[in-house]
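What follows are several structures.
Shared chain: subunit A. Partners: subunit B in the first complex, subunit C in the second.
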Partner chain A sequence: MDQEPAVRTEALTRVFEPKKKKEGSTVRALESVDLRIEQGELFGILGPNGAGKTTLLKILSTLLLPTSGKAYVAGLDVETQFNAVRQRINMVSGGEISGYGLLTVKENLWMFSQFYGIKSKVALQRIDDMLGEFGLLDKKDAKVRTLSTGQRQKMNVIRGFVTDPDIIFLDEPTLGLDVNASRVIRTYILDWLKDHPKKTVVLTTHYMAEADELCDRIAIIDNGRILACDSPERLKKMVRMNTTLSMDVTRLKDTAVFKTFPGVESFTFTEDGEKGLTKLRFVMRDESGVSDIVSAVLGQGSRIESLQKTEPTLEDVFIKMVGKGLE
Partner chain B sequence: MTDGWVIKNLRAIKGRAYPRVIGAIREPSWVFFEVVLPLFTVAAFAYVYQFMDAREELIGYVVLGGAMTAFWLNVLWSMAAQFYWEKETGNLQLYMIAPTSRMSILAGMALGGMLSTTVNAASTLVIGAFIFNIAFDVVDPLMLIAIFLATMVALYGMGMMFASLYMLFGREAHHLSNLLTDPVYLASGFYFPVKFLGAAVAAGASVIPITLGLDALRQLFFTAGAEDAFLSLEAELALLVGLCALFMVLAHYSLRYMEYLGKATGRLTLRWQ
Partner chain C sequence: MAVMNDLRTIKNAAWLGWEMEANWADPFLFATYSIVKPISATLILVFMYMIVTGGNTDNAYFSYMYVGSALYMYIAEVLFGVTWIIHDDREHYMSLKQVYIAPIKFYAYILGRSAIKIAITTAGVIITLAFGVLALGVDISLWDVDWLLLLGSTALGMSCICVLGLALGGITFLTARHSIGINEGVAGVFYVMSGIIFPITALPTWAQSISKILPVTYWMDSMRRALMPDAMAELGSVAGVDVTGLSGISDLYIMVYLAISTAVFFALSMAVFKYADGVARRKGKIDWTSTY
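For the complex of A and B:
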């Protein structure tokens, strides 16, 4: 018999109506989303701002009702069985300022654990253990308002995991954090899943590298629609059939011309002001167009500093699907 | 063996009461707002009564009313408007996804607020009594405890109901709390016997539990209080117990409805909507 998926949605749609007509138009945040996330998966949802990632997570975490369609978490309907769903889940958002600044880190975490009915002794032991794993043990008696952004977000992540949920929803958990704090959080998530193979993590992120490093599967979402859903490797294979070309050139006068260049599927560029270079990246149907691109660059009086054919990244997949990169 | 529903909800109540109680200890500046400021208003009324050579117990009523303002302010700003702040900080969504009764979260807020405010109110009462040389004459301590407890439960039950009604409010929560501050001081007779407003106004104001509570406390603290009473102690106790039940039931249903409405409209969490 098939095991019950951790999350299942069927034609899930969410529409936001403005309170007053003059305040704007209807927003279709989710449009007929079908998803199946298996138990034990680390599932990523990747999309630009306003794509519908947070809306999806809020429906799954029982904070928002769907306009139409169905969503099941641990086999339970989020609309009608929300109390039972809540016993199985937790949620952490990036940039959260939850809790009370005048409480200590330990007190704050204990307080939230009490809403899950965990015995104080058990909760305090778990909190101590997790503070150690996150390198926050020396801050356990510090007031929350004295914590740095990274320390605070680590505390938030502990809050989510301390209740030992079956399914945890992480909404951009490393948003705005430095490399070290992000690494600690990512390592913890991976270790937690290794130690608890039946548990599930659903993660939204802006960061391609994070999604690539962490996720078993990724759904790319834009304008409320799932554009692709597969493992990072398979997603990359989809663009591997194309040729990915990277080129560093001295500053170009006109980059717009490459967007509609024959044979180019997608094109992005960044300016390196310090070195005075323009970094071009092309995903092309085949290699036949390379010489035309080179001619066009040279034709603008620009010099090619480097040129290489590269392996596609998740970003290439994203650009191909969404038509633009993540800023 | 797993803990039962009651134990889990008691833990939730304790958890939510904790920051209220500890906050009162860690933020001594609140003492100024909740103990010292009411004394200024008390002093203003007390000096007017002294200047008029009014009955001594009227100054006692003012001190008692001044002490009880702490509870009304606590209910308006730290219960009713609290979910507005909680939404701003992201706590509300965490309360909502927690597998506990929302009423336990509110009860924790109420209990914590009640405990910390009782200390402040008692301080105002003692300091006021000392400054204005008030003599209390408590003849029935058991009734005093019963009335005080019934007033608190009914008042904070009302606060719980307001909290759920305010849940989806934005900044209008402030305006409503402001609107309910001074008119209630007048209608509930914080600084004078409510009987003097007439039976109709006193009866209407009795929907606010502090009206009946204050009227009963005046009777219990001062021998002349019975002459100024709106209703008998027994009637007031019975009405307060009724209000306890009424507000708890209303809080439960309004909370359930507002949660549903918040989930349907997206106003539990989405600040831009």
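For the complex of A and C:
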């Protein structure tokens, strides 16, 4: 018998109507989304701001109702069986400074654990253990209002895991955090899944490397639609038959011209102001257009500092799917 | 099991409420504030009364006004408090959605937070009444208090106020800071129509009909009957006129009316709360930040 998936959506659609006509037009945040996330998966939802990632997580975590379609978490309808869904889930949002500032870190975490019916003694031990793992043990008795943004974010991640949910929704959990804090959170997520192979993590991010490093499977979402859904490796294979070219050149006057070259599947660039370089990245159907690109660069009086053929990254997949980069 | 879960939620929410209410200042400042605030609020009315009557506080009507004003604190604190809990949780602490998706009944959470408001307000009410008795001669004697009636009407009255708060809590899901205005309006209706500082007989006849529907009117009267039976008896037959407008009604009738109206309001409030909750989920208002 098939195991019940952790998450299943069928033609899930969410439309936001403006309050007044002059306040803008209708936004279709999710458009007929079909997803199936298996138990034990670390599933990533990758997309730019406004793609519909948070809306999807809000629906799955019973904060928001869909306009049409269905969503099931642990086999339960989020619309009608929300009480039962809530017993199995938790959610953490990044970039927020939530928490009761007048309470201590321990009190905050303990209080939420009590809402989930965890025995006080068990909860306190778990809180101590987790604070240790996140390097926050010395902040246990500090008021939440005295924590830095990163410390608050770590506390919130602990809040999500301390209730030992079957399925946890992490909405950009490392948003705005420094490298160390992000690494601590990513490591914890991986360790947690290793220790609890039946648990499921659904994570939204717009950090490619994070999605690549963590996720078993990734759904690429843009304008409310799932454009691709597979393992990072398989997604990368989709562009592996193409040629990926990275080129650092001195400042270019016109970059738009590269999009029109024959053979160029997708193209992005970033400016490195410090070094005075333009970093170009091409996904090409074949290598025939390389000479045209080189000529165009030199034709603008620019100098090529480096040129290399590279392995495709998740970003290349994303660019191919969405037609633009995240940054 | 479900009841145990609700009781646990109420207990935890009450604990949170206490931490939030009592921890914003050091204990001495908190104690000072808790004493000074209710007394000062009531003194405003006392001075107005004294100016109007030429300083006469030695009558049953003064006690009527004073006790009504002190008890009104419950209505104000709970009704404003519930709105503030949701507004503050959602927009200041940004924790509303985390509480909301927890496997608890949200109304139990509101009741728990309200319960602690009631407990803190009770301290303020007792202090205000004690000040009135000791400093202003308010006609309350511990020997004359009808404790059974006091207990019964306190329990029913508090339930009724919490239930009203619940409905307003639901409405707060859908509104931003202006929900405070809604609650002020509702509390204002009770202030004018429920015999808080003047008897309902001072109102036009049509307004008296509305007053006699409101459970708060009966709660106020039963509390006064319990606390100051002599003064209420005096007001019941001033030159053969029933000043309070309710003196012909028995204590039992008042209690039954309070119990029934609380039950009716509970049903209505739950319906309003559930409806507002559904609309809030549909419109995405649970984690909304109005930036007001």
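Methods note: the second predicted complex is superposed on the first by the 327 of 327 C-alpha atoms of A that agree within 3 Å, B and C clash if a C-alpha of one lies under 4 Å from a C-alpha of the other, contacts with A are read in each partner's own complex, and residues count from 1 in each chain.
Just so we're on the same page, a residue touches a chain if its C-beta (ideal position, glycine included) is under 8 Å from a C-beta of that chain, and two chains touch if they have at least 3 such contacts.
Remember, it's a predicted structure, so these values are computed and weren't measured experimentally.
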Superposition on subunit A - do subunit B and subunit C clash or fit: clash
Subunit B versus subunit C as contact partner of A:Leu63, first or second or both or neither: both
Partner chain(s) touched by A:Gly99 [first = subunit B, second = subunit C, both, neither]: both
First, second, both or neither for A:Leu214, with subunit B first and subunit C second: neither
Partner chain(s) touched by A:Lys119 [first = subunit B, second = subunit C, both, neither]: first
Partner chain(s) touched by A:Ile89 [first = subunit B, second = subunit C, both, neither]: both
Which superposed partner A:Met111 touches (first subunit B, second subunit C, both, neither): both
Footprint overlap on subunit A, where subunit B in one structure and subunit C in the other make contact: 16, 58, 61-65, 83, 86-87, 89-91, 93, 96-100, 102-103, 107, 111-112, 114-117, 159
Contact footprint of subunit B on subunit A as seen in their complex: 16, 19, 58, 61-65, 83, 86-87, 89-91, 93, 96-100, 102-103, 107, 110-120, 159
Subunit A residues within the subunit C interface of the complex: 16, 58, 61-65, 83, 86-87, 89-91, 93, 96-103, 107, 111-112, 114-117, 159
Residues of subunit B defined as touching subunit A within the complex: 3, 7-9, 11-12, 14-16, 18-19, 22-23, 26-27, 89-91, 93-100, 105, 263-264, 266, 268-270, 273
Touching residues (chain side subunit C, partner subunit A) in the complex: 5, 8-9, 12, 15-16, 19-20, 23-24, 93-95, 97-104, 278, 281-282, 284, 286-287
